[in-house]
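Heads up, the next two complexes both have subunit A, just with different partners, subunit B and then subunit C.
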Partner chain A sequence: MTNISTIANPLRVPRDVYRRYAIFGVCAVIVLTVGKDIIIDETDWARMGTLQEMVKTALWFLPELSFFPKTVGPLLETLLIALWGTVLAVVVSMPIAYLAARNITPIKWITYPLGRGLIVLSRSTHEIIFALIFVSALGLGPLPGILALATRSLGFLAKTTAEAIENANPGPIEAIQATGANPLMVFCFGIMPQIFPIFVGNVIFQLDINIRRASILGLVGGGGIGLMFAEVMQNLQYGRAGTIVVGITAMVVVGEFISNRVRVRLI
Partner chain B sequence: MKKNVTLAYDSYRQDEVRSGLWKFVGLLIFIAFAFWTIDVLKIPIERVLSMFGRLGTMVSERLLPPEMAYAAQPKVVDSIIETIEMSILGAVIGTFITMPLAWFAAWNVTPSRLFLYPLSRAIIVVTRGMPTLMWAMVLVAIFGFGPFAGMLALVKATIGFAGKLMAEQIEAIDMRRVEAIRATGANELDVLFYAVIPQVWANWVGIIIYNWDAQLRNSTILGFVGAGGMGLYLREQISIIEYQTAMSIIVVIIVIVVLSEMASQFLRHRLY
Partner chain C sequence: MNRLVEPDSGTVVLDGVDITSLGKSSLRKARRNMGMIFQEFNLIDRLTVLENVLSGTLGVTSSLRGIFRAFQGDDIQRAIELCERVGIIDHIRKRADQLSGGQRQRVGIARALMQQPKILLVDEPTSSLDPKIGREVMDLLKSITKEAHIPMLVSVHDIFLAKNYSDRIVGLQGGEKIFDQPTASVEADAFDKIYHEAS
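Now for the complex of A and B:
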């Protein structure tokens, strides 16, 4: 009788095993080189000070509770910026989704790449960069913040809507077309009712993410709580900064909880 | 017969009128809310109206064309490489911290529902909620300027981002296999290695790659607060109003992000 441990596992082909080791090896080498670069070469350990000093600085960030009432106003402002950024994104994302859905795009070789390109541009650029461009064109305040949020989130909305349109049942669309409806009516009565639940779910998801995004826009002058954070950091009032971070975290967590609940209810 | 038709028509009309009324009220509330927002946020209306002209001149005269020669300078190229390195290291270290956390935070296989589960859930929820850029500012204040603070910020972002996804994957596993392994008298660690990880590993690798992609996106702007990477040069160029050179860095950021997204999609499809 053969010992069971000497039988080669038929699922473990030697070539696969070597390949796996090779992949692991390459990954390990990359990580080690990168780690050496960042932690040893680029970091000035001598200037960082002792562990005790670091702990002391960290303790300055303990929230200063008396400052909390003053953060409520800017937090609400942040919520409003997030809300209006999302509303604007919903409005603008509709035509872009129309262009970027393969089955209904008007001229396939011009408008389809155009719509896709806009989506990639919006999705791959950080909101801070949009905020910088808008702030330099329009001045400080919540307005560039709202616009930056809208441009940032319309890509996601347009992409998911376009995908939903591509997956929509062609039956109702053809039925509406057969009545002699124009493309806009087909969109409103043939496609929109089909994708509506998915669309609303995505909008709520985007609103939830936009609350998070809106809270940092102020760091570059986009209004909201970020402005206050930048101010207190500049004045080295670290306790207040800690309060603001706690406030934002609480707001975002509550927002995410509500958004999850609502989306579960919808689906 | 005719009476019935009239009745049906009347009730249809009534419904139409009622829904129309509700839509009208909704619209009114929306408009009132919009005006209230404009008032609260102090949005200058005259600036909104002249917005498109200003944006147009801004883009056509000051942003374009990007001066790509600036981004080809050795110091900028170094900072770009530093950004990518930071994202890799932050994602890797973050992943190693996230994996046990995800195990603790999965309700079905967590080793201790009373203590470890709420603790790890709280860690994941709080790290998700805290804005990464602000966390980076705090870390810069503690550890000083440089990519080390940025890397720690990315570790935090990874825990929040990947932790939730990985825990969700564990919660969706087939529990019969866990029971089978338990029936052999295995302890919690054995259950993890022989029942949980084999089931979630493929999805976890996908999450790990996706997370690296997300962290690369985050790392491009960490330099803004002095936490290492190319964001520093972006901020410098914008503060001295050199928009064309700043634009070259933005172009580099977009190219890197799109490339990494393609790479991550390619890897994820290859693995499945």
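Now for the complex of A and C:
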């Protein structure tokens, strides 16, 4: 009879364990040396002042409640920018998802790379960069902000939708094809009902993220609360900046709460 | 047969039209005349039974109506009559994924008949069902196609079903036709031959 304790645990082969520790060790050394270089050496420690001074500065940011009514307008504008950006992204992402889904793309070696390329383009660029481009093309205001958000989030939506299409059960698709229906009808009946819950969940997720993104677009002239935030910071009105931060946080938290509720109900 | 799977060789001719050589849009037209019933039913789970039956008309419904699922009144009327005929009239407002296997195949039959097909292609209609329900489905298929004078082409592995429900049997083995006779004249040992040679 073999004593059970003499059987080696296959998950803990000594050689593997040592290798794992060695990898952890190397990673730790890299992180610490880099950290010393860019945090300790490159920071102007003298400028930071004493602990007392730091606390005093932080207290300047205590929200100035009397300023709150003035933030409501820009906050609402931010919300509307997020909403419109998401709606536009939904509309544009549908045809791109159609191109980028391997199983239904019309001409595989042309439209599939095209669809995937557009998705990568949209996902790899920051919304601030898109906003800068649209602001220089269209001028200041909410419209360039909306377009920046739309271009930024359509990639995510198109990608997740295309993947949902690829994972759809081919049975109903074949059944609709067998009736002699055209490709649009095959999409609406064979595919749409299957991907609908996933799609709606992703749209709500993007809306949630877009509220966050919209709040900084104003820094580069894209409309919304960000512009006001940049102004008060430049005028050293830290109390007002604090009010704005609280307002943005409240809006994001409420948005997240609602989006979670809706998504749980959908799934 | 309707080129959901492309044939390796040979031709399929329906009413003098060579299906195998058709282009995309004329193939769609040809498919409108061929009702298809699937082994796995292939219903659209998230739509109602009635909408599933109505999806049989998609070949001839305009895209605009299709997008909004705004089917024509007389189509809806006909769909309801078909649901009545196949015995699922009590369930037409339920979602297709709430039905049992036998009920789902009945929806599949109603959808195929909705096309007013010239021929019904039936792929292993009972393989996903238990034997009793399978026979009920076959009874239903046989009586409906007799009433409407629609020829039906069924693929089955079950000899019992083949012998009891068909007028003519074509035996296939390894892609070759082994025999093609009226059911009544097929000898009992013909089946033994197919299955024993194979094993």
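The definition used in the following text is that the second predicted complex is superposed on the first by the 256 of 267 C-alpha atoms of A that agree within 3 Å, B and C clash if a C-alpha of one lies under 4 Å from a C-alpha of the other, contacts with A are read in each partner's own complex, and residues count from 1 in each chain.
Going forward, contacts are C-beta pairs under 8 Å (C-beta built on N, C-alpha and C of every residue); 3 or more make two chains touch, one makes a residue touch a chain.
No experiment lies behind these values; they were computed from the predicted model shown.
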item: Which of subunit B and subunit C A:F205 touches, first, second, both or neither; value: neither
item: Superposed model, subunit A: greater residue contact from subunit B or subunit C; value: B
item: First (subunit B), second (subunit C), both or neither touched by A:F67; value: neither
item: Subunit B versus subunit C as contact partner of A:E174, first or second or both or neither; value: second
item: Partner chain(s) touched by A:Q194 [first = subunit B, second = subunit C, both, neither]; value: second
item: First (subunit B), second (subunit C), both or neither touched by A:F229; value: first
item: Contacts of A:L184 with subunit B and subunit C, given as first, second, both or neither; value: second
item: On subunit A, the residue positions that both subunit B and subunit C contact, one per complex; value: none
item: In the complex, subunit B residues that touch subunit A; value: 37, 40-44, 47-48, 51, 54-55, 58, 62-63, 82, 85-86, 88-89, 92, 125-126, 128-131, 133-135, 137-138, 141-144, 146-148, 151, 217-218, 220-221, 224-225, 228, 234, 238, 241, 243, 246, 250, 253-254, 257-258, 261
item: Complex contact set, residues of subunit A against subunit B; value: 30-31, 34-35, 37-39, 42-44, 47-49, 54, 57-58, 61, 76-77, 80-81, 83-84, 120-121, 124-126, 128-129, 132-134, 136-139, 141-143, 147, 212, 215-216, 219-220, 223, 226, 229, 233, 238, 241-242, 244-245, 248-253, 256
item: Of subunit C, residues touching subunit A in the complex; value: 2, 4, 28-34, 36, 38, 40-47, 55-61, 63, 66-67, 108, 111, 115, 121
item: Of subunit A, residues touching subunit C in the complex; value: 171-172, 174-182, 184-185, 188-190, 193-194, 196
